[in-house]
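Have a look at this one.
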Amino acid sequence: MDYLSIASLQVSYVHDNQITPALRDLSLSLAIESTGVIIGPSGCGKSTLLGVLAGLNQNYQGTVRINGKAPGECDETALILQEYGLLPWKTTWDNVKLGLELRGFSKQETVLRTEKILDKLGLLHLRKRYPVQLSGGQRQRVAIARSLVLEPELLLMDEPFSSLDALTREELQDFLIELWQETKLTILLITHNIEEAVFLGQKIFVMSECPGTIIKEYTNPLAGDYSARGKMEFLELANSLRSSLRGWN
Amino acid sequence: MDYLSIASLQVSYVHDNQITPALRDLSLSLAIESTGVIIGPSGCGKSTLLGVLAGLNQNYQGTVRINGKAPGECDETALILQEYGLLPWKTTWDNVKLGLELRGFSKQETVLRTEKILDKLGLLHLRKRYPVQLSGGQRQRVAIARSLVLEPELLLMDEPFSSLDALTREELQDFLIELWQETKLTILLITHNIEEAVFLGQKIFVMSECPGTIIKEYTNPLAGDYSARGKMEFLELANSLRSSLRGWN
Amino acid sequence: MQPKELMQKFIYTLVAVDILIVFWYLLSRLLNTPALPTPLTAFNSFVQLVTNELVPHVVISFYRVAVSLAISTVLGVPLGLFLGKNTRADEFSAPLIYMTYPIPKVVFLPIFLILLGIGNLSKIVLITLVIFYLILVTTRDAARNLPREYVLSVRSLRANELDLYRHVYFPACLPAILTSLRLGLGMAMSVLFLVETYATQEGIGYFIMNSWSSLAYDKMFAGIIAMGLMGFLLYLLLDACEKVLCSWVHL
Amino acid sequence: MQPKELMQKFIYTLVAVDILIVFWYLLSRLLNTPALPTPLTAFNSFVQLVTNELVPHVVISFYRVAVSLAISTVLGVPLGLFLGKNTRADEFSAPLIYMTYPIPKVVFLPIFLILLGIGNLSKIVLITLVIFYLILVTTRDAARNLPREYVLSVRSLRANELDLYRHVYFPACLPAILTSLRLGLGMAMSVLFLVETYATQEGIGYFIMNSWSSLAYDKMFAGIIAMGLMGFLLYLLLDACEKVLCSWVHL
Amino acid sequence: QDGKENGQENSPAKLKIGSLTTEENLPVLVAQENGYFDAEDVQVEFVPLLSPVELQNTFQSGALDGMITDMMIALMLKSSGEELRITSIALGSAPQEGRFAIVAAPKSDIKSVQDLKGKSIGISNNSIIEYVTDGILEQAGMSPSDVNKTTVAKIPVRIEMLLNNQIDAIVVPDPHISYAVANGARVVADDTSGENLSQSVIIMTQTALNSKNDAISRFYNAYARAVEEINNNPEQYKELLVTSINVPKQIADSYKVQHYPLPQLPVEEDVNNVITWLKNKGLLKADINYQDVIWGQT
């Protein structure tokens, strides 16, 4: 059974009688406990899609089902926004523990989990800082921490590693794979990095220009295999991905 | 003669008696009409450095000279901020032409130049949109357009292509090189992408962890050479860069 | 705005008016005092008075309020932006503002009368003074809290101080300024009751106070209706301004 | 705050006071009228009156203002946040607010007296009503203009409505709310002049009006000094609140 | 502000007179309406004000040549250093003129002044209202401290409080007495009998008296003519009274135009009584006496 299934999704932005179509006839499905990566040109509607899945945009046509439920009703999703969406009036610590608090975790549990994730992402010494006192990459990591700490069933990530240096990025990719292997959550991730797509996505969806739809879908057995990064198949898939993106450009 | 020269720069953030050192004893120089790339771990002080060079942060110790002048006095610098800094109350068009307007260009010239750059970056059809109506990558391109349109002497870019898909990124890298060859401006760019660093930087500066300083400096003859991207030397340099980043991590 | 939206707005307004009237009716029934006539009485008297008596009063009051609003905007907004931007000037002026603002301006009436005479001038200056503070404080606070990122980005384009005001501070504070105008409007109208009690026989404030002192509550409430309408229209105007000037906020 | 900053603030305040006094002195010299005594006369009378007469008046006025501010905050802030968040409710209530706000609340005095008696209750309710609108409109406008990004990000954490108020709307609007409290404070003090003219012999508003009507301008200005001081202290309090509650704004 | 116009040369000379909208205005209004001022070649601008404090302030600001006010204010202004003279009585040459009364609430059981003991009376303090209240109480053998004086500055508020039984009694002048009575309230006592208490006066600034002496005399010629006219045909001027000074329309029909006094100076005794009262209340800045405040005396 598919954990996530989208059928002929259509989304438009309407303002002052002007209609901007963002997604057209998009269909996609993802099995439970698997990872999917979306890749596509800038402005093709990736963030729009994630917004729908997270239940932030109820204004769509088509069917969207997460574990059989509509996105608004599903309680076990976590989202990392492209703009992070950290609250400027909360410190790193408070931003991260917010999700736990909202879901009614005990105080002790909250402290424990928050501390663990901050430590993992190298943010513990920044826990008393406000977002404006952080560097771009630190902010991004706070946003990641805020989602991961929830240990959700479905994790939606919008270019989560874009502001991180290569090493931190690889570390976090590894950490994500670890987490996935441990907790068996379902992950849907947007990235512009082809290697990242190949390393993380059991399924890779390539989107067209705006208004976006899925134009190609890869099944990728190499995902999560640390040793694969240098392998021939890895590079081949990356090249194939690159050319299928280019073909539509 | 060096166009840009920094000697033992030291910057700290102070708030409520708490001092956070961000840069320590940083020295760096860049010849006129050349390109430099800074690469370093997240939170090491790259944006802080650019802020000093752009004259936004006057609160530093050490010597900073741009063409012999202090950063605040130099009129020919353009900066792309990591957070874009687009004004939400101005449309794409107005955001891009703002710099020209401020520098007193004629109306005709302003229109002409704005149109050209928007067209070049594939944003012309978005000219009437406000920033919130744009996707992440589109916003980033607007910020790039806003700086490039000024045809400055010194261009400071803070991770300018981080939210763009691989293809658009390559296109813009090429465009930047073109522009550089045409107008012979001096470019200092921050990136986390090692290939980008090697493709764009005649000089590549590697920074340490926070508080940041330059720990390694590469002179890179391959920069701007389109054909180099596949070559052996290219990959070698990239690997050397990667390991010097890793070595300090 | 689309016709549909306009229609909806109109319906909402009608419903609001109905609620007000029903509430008023019930209250007047409950209290049963001449001090609160029924809506019917008040509207009757409103209709009778509107053309020949009320309109001139409303016009002159409108003039006083509008001029004062305009002057205090022209003075308060730039000064507020300046203080919000310059921490030093702000720290210096804050005690001045904080000590003079809470003193109700009524007490300066004698001084104003001596300095400015008993004509329209002193009236307008007094109203202006009251709303000036409101606009000043609101604008200053909004400018103070402006995200620094915008300032940095425009400054990096080599904007001079004036450019910063024009392209960053003013537009960023515009929503707050419009809020303060809305509030100032209401305040200006309540000051009318003070300034139209001397040396004038015109103005809706005079009309209401005069009707009140002669215990003509039906006339008084006709005046109140006129005042409510006048305020409502001015508000609609401000709302339209906001729609046009701050379209970017509501995307 | 560091001692250095405190010191500086104190110096600024002193300078501000000096400027005020010099200006006052010059004006009183220029006008040469009993209606504006010299600062010296006023301070003399202030010193004479302060302990035995002024303090009780100030205390009772302070009580009235503080209670009203508290009530209108408790009512106005949640309602304002609610209206700012719910476009539908806002569109519906806007005409109601816009029509009733500009009507000066003075005219409802007789009705209040009938309903609430002539004691403190009607006074407090009247002050409350005036500042309530101020806080309501400011909060509503601030909530309306909140960047959507914050709401989206917290909603994506599965926040319910109440959580949104608590973690997003309230903290985001807090600076605006504090501004409105500052403004409301000034407004409350000017309403004192209305509510302390009936059925009371206490309160700084009564004291000033009484001195005024008996032409005791030195006493009147002693009262004004007390009022300025009282406002200034309340402002300092609000400023301290802002420093603590909105520390994130001024990083 | 003063003496800009040389009364003698600029013709016709102009007098600016301020006043509240009270019955005292009728002679001036009649003189204006019937052209008596024009006939005397004096121009009178009547400045309307709605509250006593603003009237005082306007007078102090120097914008007025004179005003119609009550004796207390005239004396307080004088003692606070204002250069002014009482030039005439406006109402109150006899007790019957200018009625003030203690009016009891419809539901109260107050029948006589004695019943007021311990009851609350709505007044405005430091004013003619308080003076009259004290006077009436004393004439009835009571002390002002026997009652609970409650300050209610605005007359309409006072009346509304009374009619809703929020307060036991109030003191107001006509036409508000008639209005309250028409709405069920009861007059407990008034000042039309006994000692003469309430006097309103016309005062002029010293500057005006110096520079416009002639115009002021002519003003009073016209004023006297108007008073005679009113006293001869009271019914004829009722309409003017009702519309211009806002007699509540519920009582307009039954309302009577009262008798107005010819221009005359207040007698020394009345003035001294007020001075004593003011002194006892601590409302006088400096000592004053009859000669200081009366026109034509030195």
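By letter and in written order, the chains are A, B, C, D and E; residue numbering begins at 1 in each of them.
Definition applied: a contact is a pair of C-beta atoms (placed from the backbone, for glycine too) under 8 Å apart; a residue touches a chain by one contact, two chains touch by 3 or more.
Keep in mind the model is a prediction, meaning the values are calculated, not measured.
Trainee: Provide the labels of all chains in contact with chain D and in contact with chain E.
Mentor: Chains that touch both chain D and chain E, as defined above, are C.
Trainee: Please state whether the interface between chain C and chain D is built from the same residues or different ones, using more than half shared residue numbers as the mark of same.
Mentor: Same; most numbers are used by both chain C and chain D.
Trainee: Once you find the CA centre of chain A and the CA centre of chain C, what distance in Å lies between them?
Mentor: Each chain reduced to its C-alpha mean, chain A and chain C end up 49 Å apart.
Trainee: Centre to centre, by mean C-alpha position, how many angstrom separate chain C and chain D?
Mentor: Computed value for the inter-centroid distance: 17 Å.
Trainee: How many angstrom lie between the centres of chain C and chain E, each centre taken as the mean Cα position?
Mentor: 37
Trainee: Give the residues of chain C touching no fewer than two other chains, as numbers and ranges.
Mentor: Residues 33, 35, 110, 114, 212, 246, 251.
Trainee: Any chance you could list the residues of chain B touching two or more other chains?
Mentor: Chain B, residues with two or more chain partners: 15, 83, 132-133.
Trainee: For chain E, jot down the residues that touch at least 2 other chains.
Mentor: Residues 57, 60-61, 156, 160, 164 of chain E touch two or more partner chains.
Trainee: Quick one: which bits of chain C touch chain E in the complex? Just the residue numbers, please.
Mentor: Within the complex, chain C touches chain E at residues 33-35, 109-110, 113-114, 117-118, 197-201, 206, 209-216.
Trainee: In their complex, what parts of chain E are in touch with chain C?
Mentor: Answer in residue numbers: 1, 18, 21, 47-51, 54-55, 57-58, 60-63, 155-156, 159-160, 163-164, 176, 179, 183, 245-250.
Trainee: How about chain B: which of its residues touch chain A in the complex?
Mentor: Residue positions touching the partner: 13, 15, 20, 39-43, 45-47, 82-83, 133-138, 141, 158-159, 162-169, 192-194, 242, 245-246, 249.
Trainee: For the complex, give me every residue of chain C touching chain B.
Mentor: That would be residues 149-150, 152-160, 163, 167-168, 171-172, 174, 246, 248, 251 of chain C.
Trainee: Which of the residues in chain C end up touching chain D in this complex?
Mentor: Touch list, chain C to chain D: 8-9, 12-13, 15-17, 19-20, 27, 31, 33, 35-36, 91-96, 98-107, 110-111, 114-115, 130, 133-134, 137-138, 141-142, 144-145, 175-176, 178-179, 182-183, 185-187, 189-190, 192-193, 208, 212, 220, 224, 227-232, 234-236, 239, 246, 249-250.
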